[in-house]
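These notes concern the structure reproduced below.
Chain IDs A, B, C and D follow the sequence of writing; residue 1 opens each chain.
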Amino acid sequence: MDLPFIKEAISQLFSKPSTAMYPAVPSEAAENYRGRIVFHPDKCINCMMCERVCSGNAISHTVEKTDEGDKVTRTFYLGSCTFCATCMDFCGHGAIEFTRDYHMIATKEEDLMVSGTFIKKPPVRKAPPAKPAAPAASAKEPAAVTCETIAAEEGKAAAPAAMIAPRDDGKPVQVPARCVYCTLCAKKCPAGALTVDRAAKTWTLDEDLCVGCGTCAEACTKKAILMPGDEPVANVPAPKPAPKAAPAAAPAAPAPKAEEKPAEEPKAEEKPVEAPKAEEKPAEALQPRDDGKPVQDPSKCVYCTICAKKCPAGALTVDRAAKTWTLDEDLCVGCGTCAESCPKKAILI
Amino acid sequence: MSFLSYQHFPIFTIMLYFLGAFLIVVFGKAKALRHAVAFLCTAGPLALLISLIGRVMVHGEIISYWMGNRTPVGDYAIGIALEVDALSLFFGLLVATAVFVACLYSFRYMERDHNVPQYYTLYLMLAGGVMGLVLSGDLFNMFIMVEILTFAAVALTAFRNKVTGALEAAFKYLVVGSIGSTCILAGTIILYAQARTLNLAQLAAVIPGNFGVSTKLAFALLFIGFCTKAFIVPFHPLAADAHGAAPASVSVLISGVLTKSGIYGIIRLVFFLFQTMNLGTMQFWLVFLGSVSMFVCVTMALAQHDFKRLLAFHSISQIGYVLTAVGLATGLGISAGLYHAMNHTLFKGLLFLAAGAVLHETGTTDLGKLGGLAKKMPHTAALFLIGAASISGIPPFNGFASKWLIYQATYQKAAETGNIGFALVTVIALVTSTLTLASFVKVTQSVFFGQMPEECKNAKEVPFGMRFAMGILALLCILTGLFPGLVTRYLTEPAAKAAFAAGNYINAMMGQGYAERIMGAAAPGAPAVSFASSGVWSPLSWLLLLMIALLAICVVALSGKYDKVSVRSSKEVEKKYQLFYGGETQSFSQVGGGDLFWGFKHNWRHYFSFMHDLHSGIVNDYSLWAVVALALAIVYALIVL
Amino acid sequence: MLLVLNALKYLAYILIFPGFLFSFLVGMLLTGIDRKIVARMQKRVGPPILQPFYDFFKLLGKETIVPDAANRRVFLLAPLVGLAGITVLQLFIPVFHFHVFDNVADVIVILYLLLIPALAEILGAAASGSPYAGVGLSREMVTILAVELPLLLVLLAVAKTVGSAMGRGLVFSLSTIVGYQELHGSLITKLSMIPAAVAFLLIIPGETGSHPFDTAEAETEICEGMMAEYSGAPLGVYKLTHAMKIFTVVSLFVALFLGGIGAGIQNLVAAIGLSGAFAGALSLLLQILVLVLLSIVLTIVCISFVHAITARLRIEQVFKYYWTIVTCFALVSLVMAWYGL
Amino acid sequence: MFKKLIEESTGKSPWLFHINAGSCNGCDIELVAVLTPRYDAERLGFKLAGSPRQADIVVVTGPITAQSLPRVLRTIEQVPEPRCIVTMGSCPQSGNVFRGSYSICGPLSKYVHVDVDVAGCTPKPEAVIDGLALATKILQQKRREMK
């Protein structure tokens, strides 16, 4: 039975205790300690990057239409924040700052909400000068600037802004002027049909791989990809925020030639796309099942196999060729991930 | 001598028992009649003996009664005599009380059994046998009474032949018991051959001093004979089996009374017949046997899983206490030993009756299957706690008074003789007392507290008759604990003096001056002994102080609304009143029986495994031990005496 | 009239001086000092000295929950019996020269009276019906078993030494032992008594169930062991009993081994030249003060210090530790006392 | 009986009971760090109690997983009356990064009235001491309101 601490015990008895008498003696947090968030609304451009990268999805914002622009209030809920400061890194404008104040004690939920509101003025509408190089957007629109420079770099003939019309065979088409080659669409594409090279500024679509699910169009923040059913758009950088439905001020001129178009895809590809639609019986309103399991709406389903890949329990098997969608009753936990991930909203739960 | 004078009381007490046994056989069929006869035949002897206390204990008179009025002729005792001196009366009182209370208890306890009349006959035969043994003044008469009580006890052990192991236990008891009885018979014959008399007084005058080889052999035989009756160490396992199987009221008799008759026999043998008590080796031999049986039996009891077997082992360890104290052969020693013998009869009876009550209600005495009975049987639990507290020697109760006297006696003996061995005995005595406390904490937790398993759900309070019997014993436990001064002055000290005063025992029987003439040496005087001189302990004043303190604390607590605990206000706070299980829902998990005292058992695991192998439960092992013990005793007697 | 006066005097003894109030205050003080010293040995500031008082009164304010599985009456009564037992026990331990009752209980009886508070706790734990309490109860009983043997040996050695010195075979009465020490100097000065004193010091943490030997109420392993189901006032009473028990055991050590100091105080007071009742009162006050100081020193040495440097032992290690090491100390002193050293 | 003394000492000796409802143990070691010599919450009277029966303040860490929900609620229910519930770290307040998972039962405030939230993904020991001090004041207030 060895007693190792006899000497320390006695010596410590007569030495000063090493306790930091906290409440009496205030103690400062370390140098770059990530404590309470301070939000500078004036710097924020509502690019929503912070919201997307926040792991605790603690950041939310509300937009309110007012006459001089959108009144955006962004709130940071500290109760759900992991203080990892990824949002601070991603925020290009330093609107988010982590102070060294660690006193985050609250009896009510509201005390932990840090929020700020700002007015986002719409972009100044000047007559579209011939030269695209004119600084159309204010300093706040970095995206537009990059688009201009790209067009200049490629040295393509500054053809008058041509109109881009969506393709009729259900495949996506790129609006090169708007595209910033951020490769988001390539990453999102479930079928891996898109290859985008940032350096070479190329956007190639592999016809036979592409299933026409439209995920790339949705994912593209710049709305630089058109799907069948969208209106043709001018091949000119989209004004911010340029929601898809925004009235295209630029004259419409279809100029598909900017795209590299792979060889005509086999006719067959198109036909089957139509075929299942024909077979499908008149789609009466499909009832979700009562036992919490998903049910498929054959009319909408494009058999893109995303739901099968997403299903955590591996309960779904979708065969693209045979166009079959089978659900394994007992494996399925009814979590609803397939319904959420389905781009076509073909699954009801 | 008029018919009702006190001279005849001894013979009346014995005859009443046997008369009762006979009457019950005749009109045993009607329950009421049977109970009346049994009640009368057990209450009668008790009343008779109590009336003798004034005469025998206080004035020190010794009653001698010659059967058929054949008084001794020319210094030779022909007839059979009964002799009641303080020692015999003390043991008689013990026997009578235990028999009376157990009989009250068995009125309701034996209802569910069949052929109950035979039970009462055997019961009264057993009582008569023990009473005869204790009061008789004739050696051969003692042997006959031993025979009667052995066979009655064997029959009663096997009474509930449905109980597993009852027949086997009875058989074991019969085999080893008969070995013991034959030893006593052989010893009696040898003594008769040498002294040509069977009267105890005359033997006590003739034998001491001129020990022939055969007398030494007789001593060894008689000593081993009585040891088997008292279940001392080599013979203790069969007691455990016998108790386990016998009905509770019978085990009260076996443990409370039979063992005392064995001790009585040893005292008569060592202090009267052979008067070898002052031999150093004799004292060592008795104290050694006592402390070994003390320690072995209490550790065995701690390892038991059955309530009654645990109590059985405890009764032998308490007998070990008595033998140790008696073996010291000092005034305080004998007084402490007898005091503890009395206390043992009381609290052991109470505990066995409580065990019987538990068996009566739940049908099992396995510690693993019981639990939480205090809620269903509050009175039995309270009475059991009084019994448990007194056996483990908690101050206000009687167990403590006698154990404390024993520690004083052994340690004073150590101081007088200067040899540290006796101090070691005190240490063993105290450690055994704590182990007794441990095993009774184990029983309390496994049977009466903790959680109640499903089987015991429909247990309810035992009928009043049984509780009344237990109440009497509990009251006696408390009284004898609170007034040790009174008990020692009126009961144990006269008996201790009588144990030493062999001289006037002889004169009373054989006429004055006989002892001096025959023995020549002055009859050994009685050493002065008194409770006050032995040490400082007045339980009454301590209890008074405790009560005052408790009262004051309770008043303060109640004024602070101590008992207005948060009573369940509404149903939905159900979870609040469940036990804390680390958040889980409360399920049944009783900590009791085998899973207690792991720390102790782990440290002594080699000892326990050795003990486990030793107590094999096979008859031939036990009879082998009996024979080996006999051989050792003979060797000892031949060399040392 | 005399009877009433006498009764009041004894009531005062029970409730005020050596009884409840005095040992309540000193007990809590000792626990406070113990926790403070342990903290200081771990280089931290530690709770204020009056922390046990705050704990006690907070517990009085808490709601008392009696679980359904518990046996309600025994569950509530057990702590009170424990407290009454420890209060009465304090009366029998003389404060140097002053003893309340000298012919009620002797050393062996005190050994048994020390059992009552522990048994009250065991009964309370059994009554609560919780399996944690069951395990705690079994461990507490093994701790009592462990401590009993060496404690008895120490007491026998003391009785033998004083007995042979006074020529009366053996002396068990505590007041005679203290009286002897006042005449011949404290027992600790005798050679044969030193191992006994050391053994007693090693016993104190075991007897009071403080840190290395508190396996019975290990809050980490078995959720406060026996106290698992207690809350509110009963728990406060148990904590109070623990505190008072520390004071009782320590003052028993002082009475057994340091009795000679009482005589020192007597002649100190006599040296000042005071006389009569005033001197008596002063010497009594001094004796109480010295006792409290000695208790504090002893608590620091044998409870706090041992608490700070050791880790909690397993139950069979506690048993083995007491039945081998501490018993050897006590046996050595018994043998030395026996052969007249 | 001496009601004021009880109220005052309720504020001076709050005992903690720590419930880990599926936490990543970041907050658990931080809570224990509060009792180390550096921060020493014991000088304010805090002490870790072994069973909920002896606790005043219940400190819950971790997003209440589905498995631990019934147990957490039962343990909190078993704490005697003047009690406070403190959630430590972001997980019990909102489920933090685990929100939306099928095995998380959401913030503790959905089931039990939470007295004090100590935010921070592993709040600093000083923040924990502040939170507990605030909880002690609330405890004292509750004790004052008790019958």
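Keep this in mind: a contact is a pair of C-beta atoms (placed from the backbone, for glycine too) under 8 Å apart; a residue touches a chain by one contact, two chains touch by 3 or more.
Predicted, not measured: the structure shown is a model, and the values here were computed from it.
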item	value
Chain pair with more C-beta contacts, A-C versus C-D	C-D
Chain B and chain C: spacing of chain centres that average the CA atoms, whole Å	36
Inter-centroid spacing, chain C versus chain A (mean Cα positions, whole Å)	72
Multi-partner residues of chain A (each touching 2 or more other chains)	17-19, 21
Shared interface positions of chain C, touching two or more other chains	39, 42-46, 60, 63-65, 132, 223, 228-229, 232
Residues of chain B engaged with two or more neighbouring chains	560, 566, 576, 578, 580, 582
Contact graph of the chains (line, ring, star, complete, other)	other
List of chain D residues in touch with chain B within their complex	1, 19, 51-53, 68, 70-75, 77-78, 80-81
Residues of chain A defined as touching chain D within the complex	17-23, 27, 29, 33, 35, 55-58, 77-84, 102-107, 109, 112, 333, 335
Chain D to chain C touching residues, read off their complex	1-2, 5-10, 12-14, 36-37, 40, 42-43, 45, 48-51, 53-54, 56, 78, 80-82, 143, 146
Interfacial residue positions of chain B with respect to chain D in the complex	559-560, 566, 573, 575-576, 578, 580, 582-585
Residues of chain D touching chain A in the complex	37-40, 43-44, 90, 93-97, 99, 102, 107, 109, 115-121, 123-127, 129-131, 133-134, 138
